[in-house]
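In the part that follows, the structures are each spelled out as structure tokens.
Two complexes come next, and they have one chain in common, chain A, joined by chain B in the first and chain C in the second.
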Partner chain A sequence: MFSHYLLLALRSLKRNVLLTALMIAAIGVGIGASMTTLTVFRAMGADPIPQKSAELYAVQIDNWGPGKRAHPSSDNLESMLSYIDAVGLVNARAAQRQTAMYVTGMALTPAGSQLKPFMVRARATYTDFFPMFDVPFRYGSAWPAADDAAHADVVVITRKLNNKLFGGIDSVGKTLNLDDRAYRIVGVLDSWNLLPRFYDIQGRGAKFSEGEDLYVPFTRAIDGAMRGLGGMRCKEEVSGWEGILRSECIWTAFWVELPDAAAVDRYRRFLSGYASEQRRSGRFHWPAHTQLRDVRQWLAYQHVVSDEVRILVLVSFSFLFVCLMNAAGLMLAKIVGRAAEIGVRRALGANRGAIFVQCLIEAGVIGLAGGLAGLALTALGLAGLRSVLSESMVDLTRTDLLDVVIAVVLAIVATVLAGLYPTWRATQVQPAWALKSQ
Partner chain B sequence: MLKMTNLSKAYRTEVVETYALRNFSIHVREGEFVAVTGPSGSGKTTFLTIAGLLEEFSGGDYRLDGTDVRGLTDTQRSHLRNEKIGFIFQAFNLIPDLNVADNVDVPLRYRGMKGHERRRRIQESLDRVGLSARARHYPSELSGGQQQRVAIARALAGSPRLLLADEPTGNLDTQMARGVMELLEELHRDGATIVMVTHDPELAIRAQREVHIVDGQVVDLVAQPRLVVGVHARA
Partner chain C sequence: MQLHPILTALRRNKVGAIVICVQMAITLAILCNALFIIEQRLASSARPTGTVEAELFAIDNEWVGAATDLPARARADIAALRSLPDVADAYSTASYPLENGGWLQGVAIKPNQDDETAQATTYFGDEHMLPTLGLKLVAGRNFNAVDIGEHTSNEAPVYPGIIVTRALADKLFPDGSALGRSVYIESPDRGMPIVGIVDRLAAPWTRIEAADVYENSVIEPFRYADKAGSYMVRAKPHRLAAAMQAAQVKLDEVNGARVLSKVRSFAQLRATAYRDDRGLAIILGVVCAALVAVTAFGIVGLTSYWVAQRRRQIGIRRALGATRSAIVRYFQIENLLIAGVSAGLGAGLAVSINLWMVQGFAMTRLSPGYVLAGAVLVLLLGQVSVLWPALRAASIAPALATRGA
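Entry: the complex of A and B
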């Protein structure tokens, strides 16, 4: 009987092409708008590193103590650490891998080329950064740990920068002139674009903006007095580079890799012990207040998916609702126009249930067609977004099979729900209509 | 076959109650061909809708083929309607999207018949009305008379116990009307029980007996076998 109803639905839709097209368009536009925002929303909130997200932890230490803050957080903890704590934790080597990091700017002077000097974004970090975040290498590798200790003049550059400077060839061993100092290239990354860039500390926007161009040892960056690009927060005025390093200003991110629950427990205890030690030494005047958050917890804590995006999704789904109401109105009009047929079917033996199922299957077919139209409009919407988004954010507009399934299922379910009232009205057509309308 | 006793049908509004049928009694026996006549607004169509289980009644008793239909659920009424009654409407009421065979198929589908049985019945009933060759045509491709024949084939396909016809020739010209009427008479000769509502005395006279309704009541319910011209006088 289902296939029969399906056939009837197709015939019925063919009967009034304009009305059918309007219904499908209404649903398609609503699905297109909501799926475009939902796709971006899902990509923004997606786990950027699922294979390791439960092993990577952001570290927080309260080095400011209780009291008013310019940017109060839910747990009175800051997202960044002071240089004192960052170095203290790196040197303690209490985790399997750990790295402190911040983003700085460097002036790059290309050697013997037509390119003019330009500014590059450099991430100052430790060699553990690369294996921790599964960073892929095209040529060479990360610098050895000894180079961290030696404050070596080495860099790892991105594939993009390598293409720009060296036309994509293996540039390992070549030197780069950065801030008038020669740095040896030890590695070239392959394409790598974590979205959201959860390890970045410089505000929510940074997590979706262009990434860095190269990586230098944290120790070298400190030696070079390379200031962080924004993001430094202080409780009191400080002066000079040495002053910053000795201050409680916060400006570095700190991540550790902890492979299992036991390691996490151990590190929690270590961290608490570290803070208590700082209190005993007279640096902190409050009980130990520290936190470890894995990648997923960190993304939620940082509100990576901003309220604006949530509101946009809400607005687009409200728009879908309005579209569905329009479709429901059109379905109602269609059913009023079909009262004669429904009356005849009732007279010939159809009970209310049979009419209900027939009309609902018709609504489902409209939903399916609307869903497919919606998919096409989603593709169009995402293509539009791609044309205005920066290169690094294009990944946010990728759709997968799940998006397709969501769009089609959403369209069918929503249309069937919207069609419930018109369908119920259809079942209320009296069988006597067939006689009395004559 | 069809027995109504002291049946009434009232339409109520907030201020007034109007009776379409009042103390209405009729008994149609198996194999009878009864014409129900009366002026406009007399209650003929209301009688037919209640007889066809298309509408509920307010009081009295109605038995269809021995079944007391009072208090039946919508599904039970639909089932009974599908099994026992074949409708022939004035406006034919064919479904325009469906071809002739599919139109005849409609009541059979609701009965849940298997495909081969449905196909057999469709073929037989279209043969009966002489339209087998038009099985794949759509209603819009047929004349009014042919459409009414399809409607009759649809009514016959389910082998109903009772045929209810509402002004079956009302939308047809004289020649087509004659053809449809002859078909009904032929069905009656073959044993069908037919109740036909009409306001046309010429048609009424061709039935076995006539029941006249005025103001929702039967005026003359005395069985009056009529002597009708032609071969069916013996029916």
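Entry: the complex of A and C
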């Protein structure tokens, strides 16, 4: 029966090519526009580390207290910590794994090659960073915890930097000249790029831009007075590196790994206790105010999906709605024009259900064709986006299989929904009247 | 022409009319808001920085290794840059307009004030900063060579006075008395007198969210000398490309232990800074065009169908003496009625969408002009789209009435 209806649908669509083309084009354009923006929206809001997003938590501590803020936030908490708190929490070791970190710049002088010195982005972190964020290694491994304590001159480099400097060979054990100091390479990462870069909170662009080139122990970076690239916010005047380390200026990120609810509870209590302790010691003059957010909560809190993309999604889905209204209107026109034919079928014994199914299948065929046209337009739209948006957004314009499935299913479902009313109208055709008016 | 027969016909064709009406209303609502956003973004990306952009470029410099003589190095670099034949002037600083990175600080007008009066960016520069950037001094004076201190990351800044922009001066002292008054920036109890006011100097942040501090800038009299810093260079007229080339070669000659990570003209900086705004405007423009096209085709399609459905009636009307133009006018008025209702609905929808976006996004109130323009546009769109089917209707022969279906 289904194949018979399908044949009828195709025949009916062929009868009025212009109307059919108009409907398919309307749906195709609508699907193309909405899928283009939805792809970017999904990529921006995606969970970058689904296997662990519920175990990784960003830590916030209110070390400024109530009062004036340069950038008021909804909960009066800042996204970064002071050095005092970062070190305090690392040394407390109250979580299974924890790391303080910040991004800095270093000048790399390639050994004995024609390459000129160039700047690299370095993440100053603790060795726990690598297992916490499931960072894959190609050669070597993370530095041992002892190197954190020893403020050792070691680095882990990315695959990309390894390719650039050493042509991709196993470079573990070689040394790198960074800011006129020799660092020993202990590990080379495999390809690794989490988007959005949730652990990097500094600056809006950083969430999607290219990541760091190498990793150094946090303790070494502090010894080397390496300044953060991501900006520092202060409430009071500070001078010199020592001054920064002693100040309440905020500039480091802090993440912990907590495997289960009990651990989260324990850590929450520990954090409150820590802040209360700071109050007792006279550093804070306000009740403990701390927060733990897992990856998904953190992404929502940081508004990773930009206003631009939200606006585009809204506009394009309204556009899709207009396209569907359009298709519905055209279908209506078509079905009313076929009243006579439907009357004949009804008179020959087809019941309302049969007419209903037949018209819906016709709508579904249009939806499928529109969906396929929409896919082609989505590819075109994404190519267009790549050419007008900044590089940091380009990684968000890749489609996956799910996007394709969403596009086709959305097109069919939406078109069938739009076709419901015209279809219902078709079933209301009175055979006697329709035949009489012939 | 009487409206009565049109209304009666519409009542018998309710759903078709509603479909067109809703389509046009949504089109109007989206169009108003999208055009408003486009205008906003384009206006934002065309904001002047107050500098002579055509002649300026910025060099981001980073020293390799730990240097102990940073102020001397910065002085040597600046002297070398100023000596180049294609260079008009230069100074060293930490941040510059269009860079999208810099220092934002609270500025108060009284000592130990609880809430700051305004927020402003802090720029560093010596007495060459104003001539380099081509800033226009509207009150007071430029810095003197003796005012200038060395600003390294390890030195606490102490300075005799500051220069502010007119926008900031007016915000701090609305009565116009800013010159000579003291403001409190880094330190709550040490006032800094305003010694000069410049017409305009943009803050480094170009995003629309930071629009409220865009013209709030403070200049502190320092030669910036840090491991990572920037040189602002003004080329002689029409010598920008040559100056950019020569400057890099010269700096490498002076001292090779450095990385010139970025050397960008202001034109490049502007293009980079506003790329996403421009992108959004382009995408919205394309979507708007597609939306208008789809709506127009929808109207054409449905009206054509109505014409086909009413061939007999139209033939009868023609046979009874209606002129061709009367038939065309019938469909035009019919569309005008539908479009009029959608214009009303769409205007309401447009304003509600805008009000909702004002709350959730960096967005300002939609000006009524946009709604009005959008409404007119939608009415015109309807008239243009209905023309072709209406003309086809007018070409129906009166004889059709006598021939039966």
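Quick note on the criterion: the second predicted complex is superposed on the first by the 373 of 438 C-alpha atoms of A that agree within 3 Å, B and C clash if a C-alpha of one lies under 4 Å from a C-alpha of the other, contacts with A are read in each partner's own complex, and residues count from 1 in each chain.
Here, a residue touches a chain if its C-beta (ideal position, glycine included) is under 8 Å from a C-beta of that chain, and two chains touch if they have at least 3 such contacts.
Predicted, not measured: the structure shown is a model, and the values here were computed from it.
Undergrad: Let me test your reading of the model: by the given contact rule, A:Gly384 touches which partner, first (chain B), second (chain C), both or neither?
TA: second
Undergrad: Quick one: is A:Cys249 in contact with chain B, with chain C, with both, or with neither? Answer first, second, both or neither.
TA: neither
Undergrad: In the overlay, answer first, second, both or neither for which of chain B and chain C A:Leu348 touches.
TA: first
Undergrad: Please indicate which partner A:Leu176 is in contact with in the superposed arrangement: first for chain B, second for chain C, both, or neither.
TA: The answer is neither, since A:Leu176 touches no partner chain.
Undergrad: Identify the partner contact of A:Ser318: answer first if only chain B is touched, second if only chain C is, both if each is, neither if none is.
TA: In the superposition, A:Ser318 contacts chain C only.
Undergrad: Can you tell me whether chain B or chain C touches more residues on chain A?
TA: Between chain B and chain C, the winner on chain A residue contacts is C.
Undergrad: Based on the superposed arrangement, let me know which partner A:Leu330 touches: chain B (first), chain C (second), both, or neither?
TA: Touch status of A:Leu330: second partner only.
Undergrad: After lining up the shared chain so the two structures overlap, which partner does A:Ala426 touch, if you call chain B first and chain C second: first, second, both or neither?
TA: The answer is neither, since A:Ala426 touches no partner chain.
Undergrad: For A:Met1, using the defined touch cut-off, is the partner it touches chain B, chain C, both, or neither? Pick first, second, both or neither.
TA: In the superposition, A:Met1 contacts chain B only.
Undergrad: Which residues would you name on chain A as touching chain B in one complex and chain C in the other?
TA: 437-438
Undergrad: Would you tell me which residues of chain B are touching chain A in their complex?
TA: 45, 48-49, 52-55, 74-75, 78-79, 81-83, 87, 89-91, 93, 95-98, 106-107, 109-111, 154, 158, 166-167, 170
Undergrad: Can you list the residues on chain A that touch chain C in the complex?
TA: Contacts found on chain A: 19, 22, 25-26, 29-30, 33, 67-68, 70, 105, 107, 109, 116-119, 179-181, 203-205, 224, 227, 231, 236-237, 239-241, 307-308, 310-312, 315-316, 318-319, 321-323, 325-326, 328-330, 332-334, 336-337, 384-385, 388-390, 393, 421, 425, 437-438.
Undergrad: If we count contacts the way the header does, which residues on chain C are in touch with chain A in the complex?
TA: Checking each residue of chain C against chain A gives 15-16, 19-20, 22-23, 26-27, 29-30, 33-34, 37, 62-66, 100-101, 104-106, 114-116, 119, 153-156, 186-187, 207, 209, 227-228, 257-259, 261, 272, 275-276, 278-280, 282-284, 286-287, 290-291, 294-295, 297-298, 301-302, 305, 308-309, 357, 360-362, 405.
Undergrad: Spell out the part of chain A that touches chain B in their complex, as residue ranges.
TA: Touch residues, chain A against chain B: 1, 4, 8, 11-12, 14-15, 340-341, 343-354, 430-432, 434-438.
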